[in-house]
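In the two complexes below, chain A is the common chain; its partner is chain B in one and chain C in the other.
Up next, the complex of A and B:
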């Protein structure tokens, strides 16, 4: 299983939809896409993890790296995830306190627009 | 370096029902990150035959994936010419998986502010959180990570996995 990455813009917000597995092999692909989006001037980014079947610490590292990039532009990264297995990885590593996590793209977009 | 409280050796016991009955599953694969998915698929197959539930299977895949990624990234001085060896044994209570490489283990455990580069240091805390026992044995000919997870479901040992 590879990693599929779809990028779109919803109401001025950059949205990345991931599908598949994020590991040492596929994480660089995600990192590259995140850098591209930041370079396009989008600093508030939503990453949809609903179709992610596996994520390891290298995937978490890329998300943390992306967060540092957008924060330097006063931006933010919001996650969409309801999968218990993936959420557990964020809980164990303490990243639930770092990334706001929502149950849908709509909720995440509302949060950005309300802030 | 043993991270578990005591040494663990149940190799003399064997599961009577699952695919590992009276045998050890050994899986050898080239040290390439593109093989991580195959390693996880293989360990899913083994765990499934040992009757782990879906949550346990995911935890096992994450823990084995972290150990294998470390073996590929840091335990392979010759790169793709090195190999990673997985060995799985199952007794009536535990599934034990060892992941052996041909280099030095990178044992960095970072605090909550670890950056992108060193975030892979979260692999050990993940393994510790997801597995019953974790042991890391650093030897001259390579590093061996041992991961142990319970086969019993809902607090009860599976009858199908055979009481001894």
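Up next, the complex of A and C:
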């Protein structure tokens, strides 16, 4: 399965919604979209992983790269994910301590607005 | 416990778009054994990491005509074994595969967490085998 990437703006926050599989083939598409969004001046970004069926370290590497990019502008990347098979790889790699993870877009937006 | 000593094989071009095909095949093979859904997902993830590593090494070290890899899945005793086999050409550098995996530390963390054993060895003079082992769960008596 390919990766569908939808980007939108919700209350001034850039939101990327992913659907499908994020691996060595599809991760470059995500990287490219993240770079575009940062270039548009959006430094607080929510990435919704609720419809991601598979992700490996290629996807994680893109997220870490994106985080470095927004942090240089004092920004942040927040994730939305409740799927155990995806959360597991964030736990294994210790990235649960790096990315705030929320159970809905609304919660993530509130967190950005409250910070 | 079911035994599948005869390997199930798939050979793919060493291109990123084919890794999902290997995942599908290994998941189907794992379904034949007694793994639960979570374990099948773990196996898919480990195979994805191993194939990614192989593709990266091939594109760095091997001439284009060597850009293929084979996945072989079979059972031995109480284990499922998955070999990712590829040929680099001339003298295969199995240590390069290990070093690259260490450098891709996210991938390495995932790989060793998902499988019971991960080994990287030379095959003949110009090949590399990444061998992944997963214990097959014991069946409970009825």
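By our rule, the second predicted complex is superposed on the first by the 115 of 115 C-alpha atoms of A that agree within 3 Å, B and C clash if a C-alpha of one lies under 4 Å from a C-alpha of the other, contacts with A are read in each partner's own complex, and residues count from 1 in each chain.
Here, a contact is a pair of C-beta atoms (placed from the backbone, for glycine too) under 8 Å apart; a residue touches a chain by one contact, two chains touch by 3 or more.
Bear in mind the structure is a predicted one, so any value in this text is a computation, not a measurement.
*Asks:* For A:25, select first, second, both or neither according to whether it touches chain B, chain C, the two together, or no partner.
*Replies:* both
*Asks:* Looking at the overlay, does A:93 come into contact with chain B only (first), chain C only (second), both, or neither?
*Replies:* both
*Asks:* After superposition on the shared chain, which partner residues are touched by A:62: those of chain B (first), chain C (second), both, or neither?
*Replies:* A:62 sits against chain B, while chain C stays out of touch.
*Asks:* So, does A:10 touch the first partner chain B, the second partner chain C, both, or neither?
*Replies:* neither
*Asks:* Both chain B and chain C contact which residues of chain A?
*Replies:* Of chain A, residues 1, 21, 23-25, 54, 56-58, 60-61, 64, 84-85, 89, 92-94 contact chain B in one complex and chain C in the other.
*Asks:* Name, in rising order, each residue of chain C that touches chain A in their complex.
*Replies:* Those residues of chain C that touch chain A are 16-17, 19-20, 23, 38, 41, 44-45, 48-49, 51-52, 55, 104, 106-107, 109-110, 113.
*Asks:* Provide the residue numbers of chain A that touch chain C in the complex, in ascending order.
*Replies:* Spelled out, the residues of chain A in touch with chain C are 1, 21, 23-25, 54, 56-58, 60-61, 64, 84-85, 89, 92-94.
*Asks:* Within the complex, which stretch of chain A touches chain B?
*Replies:* Against chain B, chain A makes touches at 1, 21, 23-25, 31, 54, 56-58, 60-62, 64-65, 68, 84-85, 89, 92-94.
*Asks:* Under the definition above, what is the set of chain B residues touching chain A in their complex?
*Replies:* 33-34, 36-37, 40, 55, 58, 61-62, 65-66, 69, 72-73, 112, 114-123, 125-126, 129-130
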